[in-house]
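The first chain written gets the first letter, and so on, giving A, B and C; residue counts start at 1 in each chain.
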């Protein structure tokens, strides 16, 4: 739990003009739609202005010129996003980390290179030729393969494996049990048997990427698998060989991305979605939970279902499916009514003749 | 494999009145629908009485007053469930465990507190302020974070990570590679970038919970993620931050539960099902395999499909879908027949005029 | 990246008759449909002969008597598959491995037996009575349980756990974080509680099996869970207790196979597919990605969807679903038109009476 701060203290720290109750107590942070009592939130984008009317956050940081609901407290600031980021730092000082230094129970190859102020816990293995950046923390049981390069200010939690010749940028966070650089799933069929195709490529992870627990990122066959700056990967995600994921994308838990597929910037792949190989999911696209994407998705499109199709089309199909028994009953009723009409017509054609 | 015991021996151990063949050899246990030759099973609930006629189990423990098929052997007991649990203990003495004691190759912080008769294997890390209950076993490569509390009689298999400030009850079993207390997946969007929201909550696991291999349970943002007494989690399951799972629920392999969702007591989430965030799956509800639950499920309901709907409705929709080409053919045929009728009517309206 | 070789060098190494450009540079290998510039591929099966016209591979190994496109280079060989396998060896010499020997920082029980030239890294645990075959490599943090037997020429990557009394054949590769022999998910319900059924069986893995990262293979209840020779398992796959998987099958990432199910030889289970318990997927069957297989699949059949049905039927159903709003509109229009016809008929029946 964060320490409590008053709104006045926060206003002083971030700059900006306070409105409402200066003694309002702030204990947490959240986006405007998730925020509850005790939270401070922010509105930088006019798109979210109307959420000001309904939020139950205790305070909000807003830009000049927004219409402010009467009861709300907060701070008017020239850069609400930056101010919010400052608040996060105030409320949550960085967690206490072990003292820098290499634990005597770690096994660091003498040819490995360690930056300034690194922390290397007990039972860590750093293989030959690996390089660890300044202030990076390797928790117990971390494995760093030969010639792998890890940037500055990274945090690798227990049981992370980064195999040989991979590259991680700066400020990368990797949670427990995640594997970077395992062999891609590549075979060629010879008769009925599958011959392994050596996976001699590598993996490149950009700055500010975070990867959850028990994630798998396979190394490329010849080239490299890439996850670019700022992308956030949730737990138990599968990233196959030669995949490229752009910047600032969100890949939610248990998603699977097949080989050689490209995911753009600012994409959202919701939980348990699957993406086939050798296709592209465009910038800003959204893939719904459990969707099965079998062909490329244009920039900015939202898809759902298996095979994935435009979101509205999918929902319409599902809605109809729920009422299919109504529709089949209607068709049956129509068949009956048409048969009766045909009978009437048949008779009426005959009857004039009879009447004559 | 269990040691073989005769039915007579088992009857003597559990009490109760033997019927059928006392020399019948028992080598295993199972529920009445799974039981095969060599197994002993039980019927405590009259709902399963008719299974007595078809079971191929070698013996069955039953309550007084049930109709017994002629060929069956077994034991009549005042409490069949309790007797069955006793049989499990007889047939399967607890597995041989390493001698209690702390292996010299473990790294236990001097401020950690260890209960009586704990077993701590080689290459185990117990951080500062952690507490390990009596008779608990930590296998090799287990990581216990700072100030984490683990109850009595727990069994943590190799490569389990329990991060800082989590709490496990008594008799909790955690299989290889499982992660408890990884950071929740929480960001706030600032411009196109995702700023990490610190995850400073914790995880609380109740007594008698079992968690399979490579499971992920994220810590809460501020509060706690909870799995209550007796719930059993299968392999590769994702439990997001702030989720609460009730008592005696079953969460089958590869299920994913999104943030802040509440799962009731005695719920079954079948394999690969996904549950959206901020909803509730009621007590006794059943979610079919691969279902995608997007809104709350009332107590006792069974749902299937994506988006999940009542089971019968889902199955009816799927059945219709299989015959959709029939229905579209019928609609096309109706269009033809109606067009013909309209033509007849059109002509018959004209014809009187012409006739005049 | 593979070292570059000329086609002439490769022809000399493999035997066979060169055609096209002998100086053509080869840097990689691939199946004919995946191959790109720099790759050499092969056609052993006439079924793929037409791919020769479209491939952009730099060279191809073919059998005698195929029609060769003019611009292609390659090698005519009596056994293209075998020649291709030789090329893989030439282009990719086996990766440099640590020098054989047992690291002093490993914990090998004195009753364990180690073959010739084994490599055992730091922080490895080999429990009592385990047997490790010749030339097998156990990377750091590998756990080998009591009485487990691992064959010759195996490669177990960091953080692999193989629990007690399991058996692995020869040339088995297991990637980081994978768990073999965790307890099956087996309980019997007693009242509202779930009593654990001891899982005292084991796991048997055949020769030449490869398992990806963070895979889970549960041990059997009494008998054994089996994965037969040559089968390749991708990352994050769940194999439940008592499952049997045949030879040379492909199980793609995040697939889940429920308890006691049998998968045949040469089966393909595509990504995120789920297979229910106690059924059989026949030899040569193909299960599409994300399919949910609820009943047995005959040999050679291809299924898709949830519940899984024949592939064509599934695709037809999905196609119709995409146009369901058209169909419902058509039915509504028909209802209107039929109502109008009925009105006409009703009036025409009346009108003669009125006219009279």
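One rule holds in what follows: a contact is a pair of C-beta atoms (placed from the backbone, for glycine too) under 8 Å apart; a residue touches a chain by one contact, two chains touch by 3 or more.
Not measured: the values here are computed from a predicted model.
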item	value
Apart from subunit B, which chains still form joined groups through touching	one piece
Same-site or different-site touching of subunit B by its copy subunit C, using the half cut	different
Inter-centroid spacing, subunit B versus subunit A (mean Cα positions, whole Å)	26
Cα-centroid distance, subunit B relative to subunit C, in whole angstrom	26
Per-residue overlap in subunit B, given as positions that touch at least 2 other chains	123, 141, 159, 177, 214, 236, 254, 272, 290, 321, 327, 331, 334, 338, 341, 345, 348
Residues on subunit A engaged by subunit B in the complex (per definition of touch)	1-2, 27-31, 44, 81-82, 84-85, 88, 91-92, 105, 121-123, 139-141, 157-159, 173, 175-177, 210, 212-214, 230, 232, 234-236, 248, 250, 252-254, 265-266, 271-272, 289-290, 305, 318, 321-322, 324-325, 327-328, 331, 334-335, 338, 341-342, 345, 348-349
Contact footprint of subunit C on subunit A as seen in their complex	107, 123, 125, 141, 143, 159, 161, 163, 177, 179, 182-183, 185, 187-198, 200-201, 214, 216, 218, 221-222, 236, 238, 240, 254, 256, 258, 272, 274, 276, 290, 292, 294, 306-307, 309, 313, 316-317, 320-321, 327, 330-331, 334, 337-338, 341, 344-345, 348
